[in-house]
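In what follows, structures are represented as structure tokens.
Common to both upcoming complexes is chain A, partnered first by chain B, then by chain C.
Moving on, here comes the complex of A and B:
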């Protein structure tokens, strides 16, 4: 009864999430048209990282420097303001196996496949996945990935090439995409 | 190894058991005088095994006879009696204490009963004095606490942290939102509240949204 284990764990995950989750994130199991809840598919929202105060180290990091609001030492990421929809598909083998995490198809990011599936080590059964990783950790991990792509593990050509070859165009595309996904509220 | 031998040492260290003057006697005449000193111990421990010395044997038999049973003889040395005596002495004092406490408790219980009786009587008197028509009102009263409005704690989370509020399950959110806006000194117009990613209608209630204890409402400040 591995399905029982998966559902039990997911019920716990949902319970924990309701009591405590990072601001701006949404994670809830799918509700079917007949009103029943499907714990195996979760609809989530990942907010683009808001950045923070400009520390010396961060300022040297190209691509993270803010758009220069005068007298403001706060930097922001190009992803800020976007609320990106992500769907988690859990299998009956969860938590032995990780969920498949999908953005909408053709999501612009070097580590997202054209299908929308996220390529991230902690989501790889043969690499960094551990059954103890929580939904919260997955979502925060993906939020980090948005702003910090991994060029050694590309999943789409367009995002990867622009990231490597044309930083300005890459930045523009990222900001465009953030505007495509405004806050729901 | 050293530790283990140390552990066992006290068990067989007869010098600790024996009075000091006997030890000094032992030094004078080794075997003969030593045996009477040790005999009481030896008799008990080695009873079934030692058959060499006739005198000792007879002694053993005597003791066995008086004790009827070897094990009983073993277990019924004089100290037991003294222990019993001690016990009874101790028990006496504790029993006294217990009795005193019991009396105290009884008096407490008695006074509590008296109070209860007094209350009951007063209630009966009140009931009696009030007209029978008021029985309906009395019937209403006990039902009130059971259908008391349920309260839950809900956290409102902004970018910097959460604040907890205790609200009625069937209370409209607008009251909570106003409370929050007052607390953070922000214009309610600029605040957007959401639950599970959906904007909350101020006319909705926690009950209506299926909220549970400690659920989180997120607040976003409109950037205008």
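Moving on, here comes the complex of A and C:
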């Protein structure tokens, strides 16, 4: 409804990102074959969390902070070492409506639909989305979600079942997937 | 007017309740009392239509609310809370919505812990955004604005440009009633965007939409008020906990306030839900098909067999020949006897179920149809017949009210009878005595109603066609009145008996069983004191 501001806002987002962004993350508007830039689609990379203190977003995730926190400020997450490709699709209604965030299809995670679409409260236009949420906040939020799935809101059968029923196998699958997405040199 | 009074009885109670809860604040409530009186006057020229209720307790335990009544109550409650808590009406609205529009609950929560309530609902103290920076950046479009004139914020002070904030509110209003709980566009901020702010930014049309959502929320979030489900009806009904859920709206639609189905005394809501679900799906039919047919072993078409020999030939083009019992190819068939009994029993059982259900459903549906017809007849009686009769027989329309009353009674009785069939269907088959009593009562009720219905429908014709006053009219009046009265009494008793689960039977049956032993040879019921049977002298 705040018609026409999508591109302006995205240009500003881009500027802000270039000035300052979290380490290891990539976020870039798509470049078309003719060399023009399409601000409405961003190709991003989310690094698997290296461990340490978790940033908690207000998304109902069950934190696992307690596990590694005892006397140990850094612990390994199973996602570490993976650099996961994510595409943000913005609509003309942005920032009234959230962008659609997609991993590759069949991405293994309890809260990612088989199509690759991420299910996260802050990305839900009916509940958590607010127009002031920045691209940076979205990416950091999804990074948190990777290591802290939300079992009350499953989006795929396999990831959800393993997460609930077979912790060892779940861990294995996550590590396998992290190896599948090595850093782009 | 009568109905006007009733509405104010409701709101008076609320005020009284409130005084009881919080007697110290009487001075604040002074003007809300005056408002109540004002509303009484304004009500009198727009009365709520009311019909006498024929069933149930004579004092109604509910109030029909018209649109204007709902708006007025909503505004009064908001004004009351705003005055008592010294907050803006917009803030009072947010508080009331959160506490299901109960002023008492708002007061309780607010006075026990104001800070907590404020925090939960995002009613933050106003923070001025630091003014030292010359340029302010809008948190939505990220543009820089040189002056604060173009910047707006909720109480939290997060700065957004007017255009973006307007867009934010608009989107939310167009998305539905969620706009009533709008918060600051910042993700971690809980500051509420209240009605005043909405009204200051959006167009007339959007304001109207917002106010409609707010109006509806008064009914939908209120634990004691529900919309009338009658077609096209915009009234709501406030229910005071009391006996009996059945209510009749000013639009004449009767429904159960609890489950919002059609009124269904004497049957309880659960039975009704089961019955309606049963009517909806064809589960019985499916059971029947499964039990009654077998798929052809070759082409799998279901085949029903009701008589004849076991040699089956499927329809063209299949023409497969097989044994009905073992489904084996007929050409190699010798015999397959043994183990048929089980299957046969299943078939019989399923058949019996369907027949039983059909029996009750047919009657349930017939009374339903008859009731709908009676409703339309009642309309005709009220508009045409009474006028006509009043001309011919020189009676006032009020004097002829007994005819409409008879029809109202017919409508009500059809409704009760309809539901007794759902009751009968679910009556446990093992409880034979109950079943017998139930069927007797139901049969009597049906006969009584048919008498009344027939009389009201047919007997009146001779007086409608008469050219002049007839001496027999007095007799007609007397008989119709007495039939109405008798039927009414009978049905009230029936409803009560069924609502008590025919408890008389249970007690009588049980105590009789307990006090006697039945002789094995002659089945005579002997008292426990007798060691040998009183009839045949057989030992116990």
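By definition in this document, the second predicted complex is superposed on the first by the 160 of 185 C-alpha atoms of A that agree within 3 Å, B and C clash if a C-alpha of one lies under 4 Å from a C-alpha of the other, contacts with A are read in each partner's own complex, and residues count from 1 in each chain.
Here, contacts are C-beta pairs under 8 Å (C-beta built on N, C-alpha and C of every residue); 3 or more make two chains touch, one makes a residue touch a chain.
A quick note: this is a predicted structure, and the numbers were derived from the prediction, not measured.
Novice: With both complexes superposed on chain A, which partner does A:104 reach: first (chain B), second (chain C), both or neither?
Specialist: A:104 sits against neither chain B nor chain C.
Novice: With both complexes superposed on chain A, which partner does A:50 reach: first (chain B), second (chain C), both or neither?
Specialist: In the superposition, A:50 contacts chain B only.
Novice: So, A:24: does it touch chain B (first), chain C (second), both, or neither?
Specialist: The answer is first: A:24 touches chain B but not chain C.
Novice: Please work out whether A:130 is in contact with chain B alone, chain C alone, both, or neither, and reply first, second, both or neither.
Specialist: second
Novice: Comparing chain C with chain B, which touches more residues belonging to chain A?
Specialist: The partner that reaches more residues of chain A in the superposed model: C.
Novice: Which of the residues in chain B end up touching chain A in this complex?
Specialist: By the definition above, chain B touches chain A via 157-159, 192-194, 196-199, 212, 214-216, 218, 220.
Novice: Please output the residues of chain A touching chain C within their complex, sorted ascending.
Specialist: Going through chain A, the ones touching chain C are 1-3, 5, 8-9, 12-13, 16, 58, 93, 95-97, 122, 125-126, 128, 130-133, 137.
Novice: Mind listing the chain A positions that touch chain B in their complex?
Specialist: Touching chain B: residues 18-21, 23-24, 26, 28, 43, 45, 50, 183-185 of chain A.
Novice: Quick check: in the complex, which residue numbers of chain C touch chain A?
Specialist: 139-143, 158, 160, 163-164, 166-168, 170-171, 174-175, 178, 183-188
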